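You will see two complexes here that share subunit A, one where it goes with subunit B and one where it goes with subunit C.
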Partner chain A sequence: MARMKFLCDAERCIECNGCVTACKQENEVPWGVNRRRVVTLNDGVPGEKSISVACMHCSDAPCMAVCPVDCFYRTEEGVVLHDKDMCIGCGYCFYACPFGAPQFPQAGAFGMRGKMDKCTFCAGGPEADNSKEEFAKYGSNRLAQGKLPACAEMCSTKALLGGDGDVIADIFRDRALTRGKGAEVWGWSTAYGKPDKQQAPKGAKS
Partner chain B sequence: MNQNKARLSRRNFLLAVGAGGAAGAAAIVAKGVPTAQPGAGAANSKKSSQGYQESAHVRNYYRTAKV
Partner chain C sequence: MRAINSGMRHFFLALLLLLPLFGGAAWAQQAQETQAQRQQVQPGNNAPTWRAARSGVAGYTSVQGRETGVLIQSEGETWRQLRNGPITRYGGWLVVLVLIAMGAFYMVRGPLGLHSPPTGKMIERFSAFERIAHWSMAISFCILAITGLTMLFGKHLLLPIIGHTLFSWLAELGKNLHNFVGPIFLFSIVVFVIKFIRDNLPRAYDITWLAKGGGVIGDEVVPCGRFNAGEKLWFWGGVIGLGTISGASGLVMDFPNFDQSRSVMMIANIVHVVSGVWFIAWSLTHIYLGTIGTTGAYEAMRNGYVDETWAREHAQYWYEDVKAGRRAPPSGESDAAVAASAPPQTQH
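And now, the complex of A and B:
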């Protein structure tokens, strides 16, 4: 059985926030809630790194452990989802999550919290697949349509990988082996290919 | 005598109303039991969700991610 995972390649992420926009557009996420966001480390310093962060669909999810009404559940593919009909908006999951994934709409002036909202790996919720009720509460159910999360599919540099954990791990491993590490990542070979892969044009003077 | 008859009929009426009310309450309770089932239906739909499929669309995404 495939296990759904996200993996962000920090060497490729250009901090365009395309994934954030794609998520908002696809799931019609309300104002004040960002299911996904781009975090930049050492911003403005040469060698800065950006990664796109959302719910990591943990195998041993802290949000699941702390929820007092047990509204979280895990699908067969390892996607951590929640039932908004059961959620009481207590905010425990918000404090438990190390990635800041569960968020609450900040609509009211007096601390109105409503229902928690989080990344669903574009897998909807407990309602019937692609029903109106499911879309209104959780957003699009792309997994049931035979697709992958909109953020990963929209990523222009394919920095954000999403899907079967085994497959994307193999893709990332191939990338890391090809480009090397540290100073090898930068420079001529990254832009134009390794010397052994380059072919001299016919008739060129040596 | 007439007063006694009137009292009796009033009692019978009240008894009849009481019995009818009890039967009505029982009917409401009996109807209320099936309303607990939608929760179970929701639990079933959680399991019956189609979920991830390695479709042509997904394979195409994996292919483009290898670049």
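And now, the complex of A and C:
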């Protein structure tokens, strides 16, 4: 069985926030909640890099460990999901998560937070797959439709990869090996071919 | 040795929680320089960026919200280790051991009774206002204690028995009760302290009382004021001390609308749980001594009246002062007025 993972290639991410938008559109995320966000380090200075982050669906998930009502569960594909009917809105998962994934629609006085919402790897929740109830609480269940998460699928530079960990690891490894350096990083060889093949294509009309 | 190591580990874990308050900025500066430098010599090597991400430094993000610029925060893992580890384990055993100790004390010693026969004459011990102040605090404390214990131990003790659906319903009710009753409890503490602080000021005879263990061991009557030294310790250490610590830390978590950071709320949570567990353990001894542990003590706070023998044996100096007219009875009325209002004779 595949182990689902996200991977963000900091070399490719251009901070377009397309993943954030795709997620919101696909899942009709509650107002004020962002299941995914793009963070730019060294913003505006040399060495600037952007990274898209959401729930990383940890193997030893801190949210799951600290939840006082044990509302989290892990699917066979390693996706960490939760049951909003059980969530009491205590905020402990929000404390414990390293990635800031669990969020609440409110942050009201007397701890009135509402039900926790987080990235589901587009895998819905405990309700029947692609039912109206599931969509209302958790958004789209693309995995049940044989599709991958909307954020990764929509990524314009394919910086964000989501899917079977073995497959995306292979893709990333190939990239890292063939990416080259200097001008090569920016796609020179993709546009003009490898240095030894840099010649005008033959037999093509121009 | 293993126990010492484990203790040290937890100490350092607690220190780690405080680390981001001091270290983040310097780290960010260093990472900024090295990523730019690294690219010069090793294009495509993003190790400094990932190191910065791991350090918990905040970057830029267009997503609004609390600490959204932070990619990875490590304090949560420290908090998890402390809360799920030593706090749950030792906190749980502390409460259990106190219960066992009191059960054993009850089996061996039994309730603390009177040495002389009751006179049948009742004297006012607490006014109606004092009893309302006490019970507002006591009832809200019990609600907080039960719901708080459910948050910490319910997952391990209650959930396996009653199942997820019922337990989460109870926990949600408990969480809301806890969050709304907490401020009521704090308010009742303020009223209680103002009302009772005069009679809880430490006096010289309190040292004698403590040295003799309140007369429990030697089975003798040790004189004291309106409240004995044990009650005074509970008043200052429990109601005021632990009440302030758990109250202040509770308010930090109860009002997340001020955008306080996660690490602040996690520190507050640890302070709250540790002080709360001590508060509960200590309160159990007070509840024991105030109910089945001492004959006549519960009736004193329930009805406001005690037998004169009880007053002489449990609060001799106060009893003598009231009888001699050196101080007014709790509700401030004269003896004649008290007699006219016919005290309830409910000494069960």
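We take it that the second predicted complex is superposed on the first by the 177 of 206 C-alpha atoms of A that agree within 3 Å, B and C clash if a C-alpha of one lies under 4 Å from a C-alpha of the other, contacts with A are read in each partner's own complex, and residues count from 1 in each chain.
Note that a contact is a pair of C-beta atoms (placed from the backbone, for glycine too) under 8 Å apart; a residue touches a chain by one contact, two chains touch by 3 or more.
What you are looking at is a predicted structure, and each value in this text was computed from that prediction instead of being measured.
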Simultaneous placement of subunit C and subunit B on subunit A, clash or fit: fit
Greater subunit A contact set [subunit C / subunit B]: C
Touching partner for A:51 - first (subunit B), second (subunit C), both, neither: second
Subunit B versus subunit C as contact partner of A:127, first or second or both or neither: first
From subunit A, separation angle of subunit B and subunit C (C-alpha centres, steps of 10 degrees): 60
Which superposed partner A:75 touches (first subunit B, second subunit C, both, neither): first
Contacts of A:167 with subunit B and subunit C, given as first, second, both or neither: first
First (subunit B), second (subunit C), both or neither touched by A:28: neither
Nearest Cα pair across subunit B and subunit C, whole Å: 7
Doubly contacted residues of subunit A, that is, touched by subunit B and again by subunit C: 83, 85
Subunit C contact footprint on subunit A (complex, rising order): 10-11, 17, 20, 32, 34, 37-43, 45-47, 49, 51, 53, 62, 65-71, 83, 85-91, 94-100, 103, 107-113, 176, 179-182, 185
Complex contact set, residues of subunit C against subunit A: 31-32, 35-39, 42-44, 46, 48-50, 52-53, 57, 59-63, 65-74, 76-77, 79-80, 83-84, 150-152, 154-155, 159, 164-165, 167-168, 171-172, 175-176, 179-180, 183, 253-257, 259, 262, 265-266, 269
List of subunit A residues in touch with subunit B within their complex: 2, 4, 73, 75-77, 83, 85, 123-124, 126-129, 141, 143-144, 146-148, 152-153, 158, 161, 163-164, 167-168, 171, 174
Partner subunit A, residues of subunit B touching it in the complex: 42-43, 45-46, 49-58, 61-62, 64-67
